[in-house]
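In what follows, structures are represented as C-alpha cells.
The two complexes that follow have chain A in common; it is paired with chain B in the first and with chain C in the second.
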Partner chain A sequence: MGTGLYTQLLDLACGVFLIAAVLVLWYRELSAIVRVFAMQGVALGVIGLLLGLHEQRWGLVGIAVGVSVLRAGVLPYLMRRSLTAAGQTRETQPLVNVAASLLTAAALTLLAYAAAQPLVQLAPSPATRALPVGLAVVLIGFFALVTRRRAISQIVGFLLLDNGITASAFLATSGVPLIVELGVAFDLLLAVLVLQLLTLRMRTAFGDTDLDDLRELHD
Partner chain B sequence: MTSPSSGLVPYLAVTAQVLVVVGGAPLLTGLMRQVRARMEGRAGAGVAQPWRDARKLLRKEAISPVGTGPAFRLTPLLLVASTAVIAALVPLASTDTPFSARADLILVVALLALGTVSLALAGLDTGTAFGGMGASREMTIAALVEPTILLSVLALSIPAGSTSLPAIVAGRIHDPNRLASPSGLLAIVALAVVTLAEAGRLPVDNPSTHLELTMVHEAMILEYAGPDLALVELGSQMRLAVLLGLLATLAAPWGIATTSSWAALALALPLLAAKVALLGTGLAAVEVFWAKLRLFRVPELLAGSFLLAVLAVTASYFLTGA
Partner chain C sequence: MLNLFGVDLLLSLPLAVPALTAACYALPGRRPVTGWAGMLSPAAILTSATTLAATVPGHGPVRAWGHLLRADALAVWMLLVVGAIATLAVAAGPAYLAGERDAGTVGDIAARRYCLLVHAFLTAMALAVLAENLGVLWVAVEATTVVTAFLVGHRRTRASVEAAWKYVVICSVGIALAFLGTVLLYYAARQAGLSEAAALDWPTLAARAHQLDPDTTRLGFGLIVLGFGAKAGLVPLHAWLPDAHSQAPAPVSALMSGVLLSVSFTAVLRYKVIADAALGTGFARLLLTGTSLLTLALAAGLLLAQRDYKRMLAYSSMEHMSLIALGAAVGSPLAIAAVLLHIAGHGLAKTVAFCSAGQILQLRRTTRIGRLRGLLGQAPTLGAAFGLAVVALLGLPPFSLFASEVGIARAGFAAGLGVPISAALFLVLAAFAALVLRSTRMLLGPPPTVPTGTGAVSPPVRIGATAAAPLLLGLLACAALGITTGPLTDLLHTAATVIGGH
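Moving on, here comes the complex of A and B:
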C-alpha cells in the first residue's frame, strides 16, 4: 500500500469517525443514533486495520477486527434489543438543544485540536496528526453523556467516549497490548449488559427510561 | 488563472456563461418540475413552461401596489442583475476569464446577500402581513446561511492558498486528491445543505406552496405582478442555477476550461449544462420523498451544516492528506 493512498484512506476513516460522533448529537431518533454508532465502530475498525497493514503488525490487524466486531456488531445489537424492550424511540428533550450542542461540538473539536498540538509535534506522522480526531470524539462523547436524559443515549455517550479513547490509542501508539484491549472489551460488554438490565428495571419501575425520574429514589 | 490572458475567447467564455445561466435557469426549473410531476404520477407541464410563464407575464401591464417605494420597484432588477454578475464571476465554464482576478469568494457571497436583502426589503415595503413575515423568516435563514457558505468555501480555499474561486477550482482540477479528502467532502456536504437553504428548496422552504404557515420566498413576492413578477421569478431561478452550478463546479470540476482555447470552452459548456441538469434532477427526485422541516428546526439543520463547515476547516489543518 503506497504512503499516499494510506494517508488518504486513514484521513477518510478519521473523517467518518468524527462525523459519526457529530451525527449522534444531531439525530433525535434513538434507533438512528444506534445505527450511527455502528458506523463509527466500522470506521474505528478501519483505522486500526489501516495502521496494522501499514506497519505490518498482524496483532494490530487482529485487534482491529475484534474491535469492529464488538463495536459495530455486538454493542449495537444489545442496544437495539434494549430499545425494543424499552419501547421509547425518541430522545425527547436533551438538556441542551440540538443547535447549541452542535455548536458546542464545533468548539470542542477546536479545543481538542489546540490541546493535541504539543503531542502531535513530538512525532509528526499521518497517524499522529489525526490524533485530535480521537480527542474530539472523547470530548463529544463526554458532552453527550452529560446532556442526554434517556438511558440509551447516555450509554451511547459513554461508548462514544470509549471509542474516542481507543482511537486515540490507535493513532498515538498504534494500539495498546492485546491483553489490555481484551480487558477493555470485556469491561465494555459488561457495562452495556449491566446498563441494559438497569434500563429494563427502570422501565418496569417507572414506565420510562428518563433518568431524571430517578431522583424520586432519594425520598 | 488569476492573470487574465488576452484574446477573444475569455470574453466569449464570460458571455457564454451568463447567457447559459439566463437562458438555462428557467429550463432547469422546468426540468425539476417535470421530474417531480412524473415521479408523482402527473403528466407535467413540460420543460419550457417557465419560459412560457415568463412570456405571458411580460405581456401584462406593469402594476405596483399603492404606497410602495423604490425598494419594491428596484428589487426585481437588482435581483436579476446581481445574479447575472455572480454568473459572470463564478468559474462555471472557464477559470480564465477577464474577471477571474476579481472573482473572490467574499464578493460572490456579498452579491448573494445583496439579492436576499433587497428581496426582504421589497417584502417589507409592501406593508402587508405576509410580506413582513416572509422577510423576517428570510433574514433568519440568511443570517445562518451566509457564514456557512463562507466557511465551507474557505475550507476548500486553504489548500489553494487563495479565496479566489478560479484559483480554488483550478487547484482542484490539477490535484484530484483534494476531491476525496475529508476536508473537501465535509465542505461539499455543508455547501450542499446551505445551497438548498439559500435557493429556497424543500427541507427549508417549499417553492410551490402558497400556504401561509410554510412559505418564505413566496410570502415576500406575493404583491408582484406582470413583468416585475417575471423578473423576480427569473432572478430566483437564476440563483438556483448559479448555486447548483457553483456546487457542481467545486464538487466535480472536471471539464472546466483552464486555458483560453475554443475546444476547451466548447467542451466545458455542454458539460456544465449536463452537470447542473443532473444535480437538478437528483434534487427534484429526492424532494419528492422529503417533507418540509418545521421552521423552528431549520436553525438546527443550518447549525449542523455550519458545524460540518467548521470541521472541514479544522480537518484541513489536522489531517495530512486534506
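Moving on, here comes the complex of A and C:
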C-alpha cells in the first residue's frame, strides 16, 4: 500500500469515526443511535487495520479485528436487546437541544485540536496528525453522557468516550500491549453487561429508564 | 533470603487464595454459606504481607512471574493494609449476613453472591497493589468497579439501583480518563525510546522518566489524577461516593472506604514519581493541592449539613482522602510516611465505624441521625465502638490518625506550604465540629422506651462476641499504630523513600 493511499484511507476512516460521534448527538431515535455507534465501531476497526497493515504488525491486525467484533457486533447487539426489553425508542428532550449540541461538538473538536498540538509535534506522522480526532470523540462522548437522559443513551455516551480513547491509543502508539488491550476489552464488556442489568432493574424499580427519576439520593 | 520458587509462591498467595475462594462460592450447590471459610483469603494476604515486610526493607523489591508481579516497600505496606482491613470486614460478614437474613432481605443465593463478590474484590485489590505494569494496575482498579457494582445495588431498592448506576457510570468514565492518561504516558515513553514491554513497566519508566516529553506527560498526569482521583473520591468526579457508601452493605462500605479509595490513590502516587522526574515537583504539587483543598471544602460543607450517619461517614472518607492527597502534594519522605500511616489508620478506624454503623442500622432500621438517641444506653458495646471509631476519625490521640495528621502538617510547613496547610486545618476543624455534634446526638441521651407506652426503659441490647470482636480488634490496631509503628518502622520509611525520595 502506497503512503499516499494509506494516508487518504486513514483520514477517511478517521473522518467517518468523528462524524459518527456527531451523528449520535443529532439523532433522537435510540435505535438509530445504536446503528451509528456500530458504524463507528467499524471505522475504529478499519483505523486499526490500516495501521497494522502499514506497519506490518500482524498482532495489531488481530486486535483490530477483535475490536470491530466487540464494538460493531457484540456491544450494539447487547444494547439493541436491552432496548427491546425496555420498550423505549426515543430520547426524551435532552438537556441541551440538537442545534446547540452540534455547535458544542464543533467547539469541542476545535478544543481537541488545540490541546493535541504538543502530542502531534512530538512525533509527526499521518497517524499522529489524526490523533485530535480521538480526543474530540472523547470530549463529545463525555458531553453526550452528561446531557442525555435515557439510560441507553448514557451508555452510548460512555462507549463513545471509550471508542475515542481506543482510537487515540491506536493513532498515538499503534495500540497498547496485548495484555492491557485484552483487559480493557473484558472490562468494557462487563461494564456494559452491568449497566444493562441495572437498566432492567431500574425498569423494575421505577417502571422507566428516564434518568430524571434518579433523585432519591441527595443532600 | 527467599529462593526463587518461594518468591513466586509468596506473591501469588494474595491473588490465588481470594480468587479460589471466590470460585468456591461460585460453584453450584445447595450447601449453606459458611462465612468463616472466607477468613482464608485475608489470612493468605496477611501471611504474604508480613513475610514480605520482614524481607523487603532489607533486600529490596522482589519479583515473581517475570515482570507481572513486583513487591516493593510501598506494595508491601498497602498489602498489609488490604490484609488487615479485609480481616476485619470479612470477619464482620457473618454477623451482617445473619442480621439481614433475620430481616428477610438476604436469601441463600444473595448471601453466596455477596461472598463471591467480596473475594473477587480482594483479588482485584491485591493485583492492583502487586502489579508491576501500569496497564495491569489500571485493569485491576477498573475490575473493582464491575465487581462492587452489584454489591452497591444488592438490595434492589430504588435508592440502591440509583446508587449503583451512578457508581458504575461515574467510575467507569473516571477510570477511562485514567486509561487515556496511561496511553499518553505510554506514547511519551515509546517516543523516548523505551521498548513496548518496558514502556508501562513502573520501575523502568520511573528510572527513565526524565527523558519523557514534558507536554505529553503533563496532559497524561492531569488525566491520571482526574481518573484515579474519581475512584479515590476526589473532586470533581466524587459524586458516586456518598451514594455508594451509604447504600452498600456495611462490610463492603468498609472495604471500599478503607481499601479501594487508598489503593486507587496509590496509583496516583506511583505516577507522581514519574511526573516529578519529568516535570519537576511543581506541577504535581499544584494539581494535588488544588484538588485536595476543593475536596476538603466540599466534604466539610456537606458534613455540616448531614442528617444521615452513613453519608456522614462517607463524607468523612472524602475529608481523609483529601488530607492524604495534601500529604502527597507536599511529597517529602516525612510527608509520604505520614500519608501511608494515615491510609492505614483511616482504613482501620473507618472499617470499625462502618461495621458498627451497619449494626446500628440493623438495630434501629433507620439511617437518620435525628431519629437516633441514646445509643450508648441502648447498646453499650456497639455505641462505644462507634463512638471510639469517630474519636479515632477526629484525629485524637492515642489513635494513629493523630500522629499522621501532625506529620502531614509538619512536613507541609517545612516544605513552605503554610497557606494551603492552614486552610486545610481550618476546614478539618469545621469537619471535626460537625462530626462531634452529629455523633454525640446519636450516642447520648435517654435510651428509647419500650413501645408499650409504660415508659419503662428496655434492657440493654448485647451484640454477640463475633460481631464485637472485629470492632474491638480494629480499634486496638488503630491505637497501637498511633503509639508505635514498632517492627513496621523500617518498612514505612523504605516505602516513603520509594515515592518521596527526591
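In the analysis below, the second predicted complex is superposed on the first by the 216 of 219 C-alpha atoms of A that agree within 3 Å, B and C clash if a C-alpha of one lies under 4 Å from a C-alpha of the other, contacts with A are read in each partner's own complex, and residues count from 1 in each chain.
Everything that follows uses one rule, which is that a contact is a pair of C-beta atoms (placed from the backbone, for glycine too) under 8 Å apart; a residue touches a chain by one contact, two chains touch by 3 or more.
The structure displayed is predicted, hence computed values, not measured ones.
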item: Clash-or-fit label for the pair chain B, chain C on chain A; value: fit
item: Touching partner for A:Ile165 - first (chain B), second (chain C), both, neither; value: second
item: For chain A as apex, the angle formed with chain B and chain C - C-alpha centres, to the nearest 10 degrees; value: 150
item: Partner chain in contact with A:Leu190 - chain B first, chain C second, else both or neither; value: second
item: Of chain B and chain C, the chain that contacts the larger number of chain A residues; value: C
item: Contacts of A:Thr173 with chain B and chain C, given as first, second, both or neither; value: second
item: Partner chain(s) touched by A:Val36 [first = chain B, second = chain C, both, neither]; value: neither
item: Touched partner set for A:Ala21, first chain B, second chain C, both or neither; value: neither
item: Touched partner set for A:Leu145, first chain B, second chain C, both or neither; value: second
item: Lowest C-alpha to C-alpha distance for chain C against chain B (Å); value: 18
item: Interfacial residue positions of chain B with respect to chain A in the complex; value: 177, 180-183, 185-186, 299-300, 303-304, 306-308, 310-311, 314-315, 317-322
item: Complex interface listing, chain A residues touching chain C; value: 115, 118-119, 122-123, 138, 142, 145, 151, 154, 158, 161-162, 165, 168-169, 172-173, 176-177, 179-180, 183-184, 186-187, 190-191, 194-195, 198, 201-202, 204-206, 211, 214-217, 219
item: Residues on chain C engaged by chain A in the complex (per definition of touch); value: 133, 135-136, 138-139, 142-143, 145-146, 149-150, 153, 156-159, 161-166, 168-169, 172-173, 176, 179-180, 182-184, 186-188, 190-191, 196-197, 200, 213, 215-216, 219, 242-243, 246-247, 302, 305-306, 311
item: Contacting residues of chain A [partner chain B, same complex]; value: 4, 7-8, 10-12, 14-16, 18-19, 22, 26, 97-100, 102-103, 105-106, 109-110, 113, 116, 120, 126, 129-133
